[in-house]
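Quick notes on the structure that follows.
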Amino acid sequence: MTEKPRLTREQIAQRAAQELHDGAYVNLGWGIPNLIADYLPKALTVYFHSENGILGMGRRAKPGEEDFDLVDAMKVPVTLIPGASIFHQADAHLMTRGGHLDIAVLGGFQVSEKGDLANWKIPGSKGSGGIGGAMDIASGSKKLIVCMEHNTKEGAPKIVKACNYPLTGLECVDTIVTDLAVIDVTPEGLVLRETAPGWSPDEVQARSEAKLIVRNHVPEMKLAPNSH
Amino acid sequence: MTEKPRLTREQIAQRAAQELHDGAYVNLGWGIPNLIADYLPKALTVYFHSENGILGMGRRAKPGEEDFDLVDAMKVPVTLIPGASIFHQADAHLMTRGGHLDIAVLGGFQVSEKGDLANWKIPGSKGSGGIGGAMDIASGSKKLIVCMEHNTKEGAPKIVKACNYPLTGLECVDTIVTDLAVIDVTPEGLVLRETAPGWSPDEVQARSEAKLIVRNHVPEMKLAPNSH
Amino acid sequence: MPASYLFELRFCRWSGTILGNIISVMPERRMKQKIVNSLDAAIADIPDGARIMFGGFGGAGFPNNLIQALSRKGVKNITAISNNCGTREGELGVMFKNGQVKHVICSFPGPHANYFQERFAKGEVTCELVPQGILCERMRTAATGLLGFYTTVGVGTDVAIGKEERVLEGKRCILELPIHADYALIKAQKADELGNLTYRLAARNFNPIMAQAAKFTIVEVEEIVPVGSMSPEDVVTPAIFVHRIMQAKGMRFAG
Amino acid sequence: MPASYLFELRFCRWSGTILGNIISVMPERRMKQKIVNSLDAAIADIPDGARIMFGGFGGAGFPNNLIQALSRKGVKNITAISNNCGTREGELGVMFKNGQVKHVICSFPGPHANYFQERFAKGEVTCELVPQGILCERMRTAATGLLGFYTTVGVGTDVAIGKEERVLEGKRCILELPIHADYALIKAQKADELGNLTYRLAARNFNPIMAQAAKFTIVEVEEIVPVGSMSPEDVVTPAIFVHRIMQAKGMRFAG
C-alpha cells in the first residue's frame, strides 16, 4: 500500500522542539531527539545537559574546532555556552534521576497506552544490547517526550497496548511525537493532540494498536516556517 | 584513697600520637584526640582530615591569622598545608564511612570488651544530646583509637563488660589509650599492651570492669622526651 | 541547511563569538530572573510549615542574612534540617528564640544552642538526631531520586530504633530514608547570573548537598559575576540547582 | 609550651612560611612515593582475576596507556567495570581482542565494541548490563561504605530480574548492591605529587567516582605538578583516593 507522505525525521524533531520552553534544562537522546537542537525556536534559551557531565552544551564543534575532551553522549565534539558547568557522571545522573531536568527526549521502539517505554533492545537481536543512560533518564525527568516513527518499517504499530519489546521504564512517557501525530499520555489513556498534515485521526488510529482518545477537534501539526 | 599519678590528658594524647604512622590520613575527634596534633613525632608526615570538608589541615591559625571560612570540626580556625584539598560534607563522610581514613581517634565514655564504643551521651543527661560525625567515623575507619580517662571522676571503670551508656558503634574500637594503659581489642578480648609508668597490670585490672588479657611481660609506656 | 549554520544563526543574535570552545553568547532573557534585590523578597514565598534545609557548619557557610529575613517574616511551624541548632541567637538560633521551628533534623545541636535546648526541654521543639554523614547521604538520596539505602552506621544504637534492620555482605545494617525539603537556604561565595556557584574554603560544607536536595534553593552570595566569567570546570553547584540568588554582605555569627 | 609553638617547630623543619592561610611546607618523604616511572611498573602488581574499574566515556578520559600496559602484561580473567567495551582495538577493545576479560559490568558496550561482541557471542565473556547512572551509584555506594540502595530505575525491566522489589514512598523500587573493585585505572589531566587530581572538561566523567570506589587507584596524567601548586578548592579527586601516579602522553582512541 502506497501511503501519504509522513513527517521526515527532521520534521519530527522540528515538531518536538516546540515542546521545549524557555529556560528549560533539557537532555536529548540518541537518534531523532539529537536533531532537536537544530530546530529550537529562536526566542528560546535552553540549557542542554549531557549525561557525561555537561550542562550548557552549545552547538557541535566545526571542523578544526574539535576538542575530543569535550564530547556529548554521542561522542560528537561539542562546544559550551557561557554559564556551562562540568561535573562527574554520578552528578550528571543525579540530575536525570533526581527530577532536575525539565525535559528529556528519547527515541523509542514502542510506547504503551500506559506510557511504558521500550527503546533499548529489539527482541531476538544479536549481541549484548546496551542500556546507557536511558533508564535513568526515563525514571526521573519532569517531562519525558519520545520521538519515533509511528510504525516499524514493516508497518507494525509502535503505539501499542502493551510493549512486547524489552522495557526501558514503566509509565514514564508524557508525550509522543511521531511522523503521524502528537499524543499525550494521560491517566485516561493516550490522547491524540495533533495529526501530521494531511492525516485524519481515524487514519492515525488505524496505524496504532492502542486506543487513541479523540477530544473535540484534533488540529494538524504546525511546523515552523524554516522547515526543511 | 589517694592514688598514684596518672597520665595527664596531654600525656594520653602524646602516647596516642605514637600510634600514627607516616603518610597516614587521620581524623581527630573532640577532646583528648584533638591534642594529638601537638605531639606528632617529628619524623612523621600525617594528613589531617576534618569532617567539614578538609584534607591536609595544618596547625591552628595564630591570632590575626584567623579565617573563619577555614575552621576545623571544633570551629577552631586552622591553616592548610600544601597539597590540601577542600570538598563538601558528603565527600568528607564518604572518606570516614568508606574506609579511606587510616586512623581515627575519638574520645570515649565507655568501651566494652568487644570494642563497642559509647561516647555521645551520658544517661540521664538533660538536653537533646548530639551525635555529630562520631558514628560515621566509628563505622568506617581502618583503625579506630579511643582516648579517654580509665575511670570516671567517681572512680567507675570505663573499660566495661558491656556499655550501659548510649552506644556510638558496635565492635568498632581497635585500640584504647587511657591515663593508665594501652589496650588492644582482639578477637580473644582486651589485651593489655602497656601500662602507665609506675602502674602494674594488676592495678590496671583492678580499675577495669572488663577482663584484661595479659600476655607475657607488659611494658610501661614510653612518652617522648619532649614530654610536658 | 547544515546544523552548525542554524546554530550559528541562533547564536549570532546574541553577537556570538567563539572563545576556545566556549561560544560567547548573552542569553539575556533568563539570566536575570533568578536574582532578587532584597533579602525579604528572597524568602517572601516561604510559607508556614515549610521544610527547610539550612547550610553551614562551624560558623562557616551559614546563610545568616536569609535566616534573619526569615525570622523577620515570622514564618511558623518550620521543620529545619541543619547540622546544628544555632549559636545563641546566631545562625539558626534566632529561629528557636522566636519559636518559629517545630521540628529539627540535625546531627549536633551544639554547645551554644541554648534557645533550641530551652524549647526542646519544654517540648515545643522535637528533634531527630542523625549521624552527620548519614544526614548528608539522606539528603543526597533525595537529590538523586533514590528511595533509601542500607548502612552499618548507627546499628545497635538509639539511631536504629524503629528502623528496618537486615544483613548485607555479612554486616548488620539499617535502612535509612531520604530527607526531602521544600527549600534550601544556602550560602555561597560567588554566583554567576545563571546561578552557578562557588564556595570559599570550608564554607562549602553542607551547602552543595542541600542545593541539590531541596525542591527550591535560595542562595545568598558575597558576589554576583557575569555569565561566562566562571570556568565551567570550577563550578561546584551547577545553576540547575539554584532558583533564587541574593547578593548580601556577609553577616557572621562565629558563635 | 603552647600548641601553636609546637606546630611551628614541626613545620620549620620544612622551612615553612605562611602564604595566606596555606602554610608552605615540603613533606618530601611521602610525596614521591606514589609516582612511578613506567607504565609497566604502574600496573605490575595487578594479578590475574582482578576486578578493575576503567574510566572514560565517549573517547574522553580513558586511561589508554595503562590499558595498553595491562594488555602487554597479559593478565587474564579480568572482571572489567566500565561504561563501554572499547572501540575496535582502542580503549578496552584490546583487552577483549586478547581474551583477557572474563566478565564485564557496563551500561553500553557501544557500536564499535566488535571484539567484545565476538567474545560475547562465543560465550567467552559474560556481561551484566547496568543503567549508566545506577552504575555510578553502585560504585559510589562501595566508595562511601554503604551496603545498597533502592531505586525506581529498571523496575519492570530486564534489569530487575532477580533483584528484591518493594514499595517505598508509594513507588515500586528494586535493591541495587555496591560494585567493589580491587583497582581503578583512571585518566586525569594533572596530578600533584601527593596525588590530588584535576580533569579536563568532559574527560572527568566516571574517573572521580572510580577513584573513590576501588581499593587501589592508578592514574595516568598528562602532567605532574609540585605540591602546593594546585588550589585546594580546585582539587576534584583528593589525594587520599590515589595510590599510584604515572605521567603519560595522551594516547587517544576516539573510535
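Should a chain be cited, it is by its letter among A, B, C and D, assigned in written order, with residues numbered from 1 in that chain.
The criterion applied here is as follows: a residue touches a chain if its C-beta (ideal position, glycine included) is under 8 Å from a C-beta of that chain, and two chains touch if they have at least 3 such contacts.
All figures in this text were calculated on a predicted structure; none of them were measured in a lab.
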Statement: Common contacts of chain A and chain C, by label, are D
- prompt: In angstrom, rounded to a whole number, how far apart do the mean CA points of chain B and chain D lie?
  reply: 32
- prompt: If you average the Cα atoms of chain A and of chain B to get two centres, how far apart are those centres in Å?
  reply: 56
Query: Listing for chain B: what residues touch at least two other chains?
result: 67, 70, 86-87, 93-94, 97, 139-140
Message: Two or more other chains touching the same residue: where does that happen in chain D?
response: 21, 137, 140, 144-146, 151-152, 200-201, 204, 232-233
Task: Could you please write down every pair of chains that are in touch?
output: A-C, A-D, B-C, B-D, C-D
- line: The chain B residues in contact with chain D across the complex are 22-23, 25, 35, 37-40, 42, 45, 47, 49, 55-56, 58-62, 65, 67, 70, 79-87, 91, 93-95, 97-101, 139-140, 228
Task: Give every residue of chain C touching chain B within the complex, in rising order.
output: 57-61, 83, 106-110, 116-117, 120-121, 127, 129-134, 136-137, 139-140, 151-159, 172, 200-209, 236, 252, 254-255
Field: Residue ranges of chain C touching chain D (in the complex, touch as defined)
entry: 137, 141, 144-152, 168-169, 171, 173, 177, 198-201, 204, 232-234
Message: For the complex, give me every residue of chain C touching chain A.
response: 1, 3-4, 6-11, 13, 18, 21-27, 29-31, 33, 140, 142-146, 192-194, 196, 212, 227-228, 230, 232-233, 235, 238-241
Query: Can you name the residues of chain A that touch chain D in the complex?
result: 50-54, 67-75, 86-90, 92-94, 96-97, 116, 121, 126-136, 139-140, 166-170
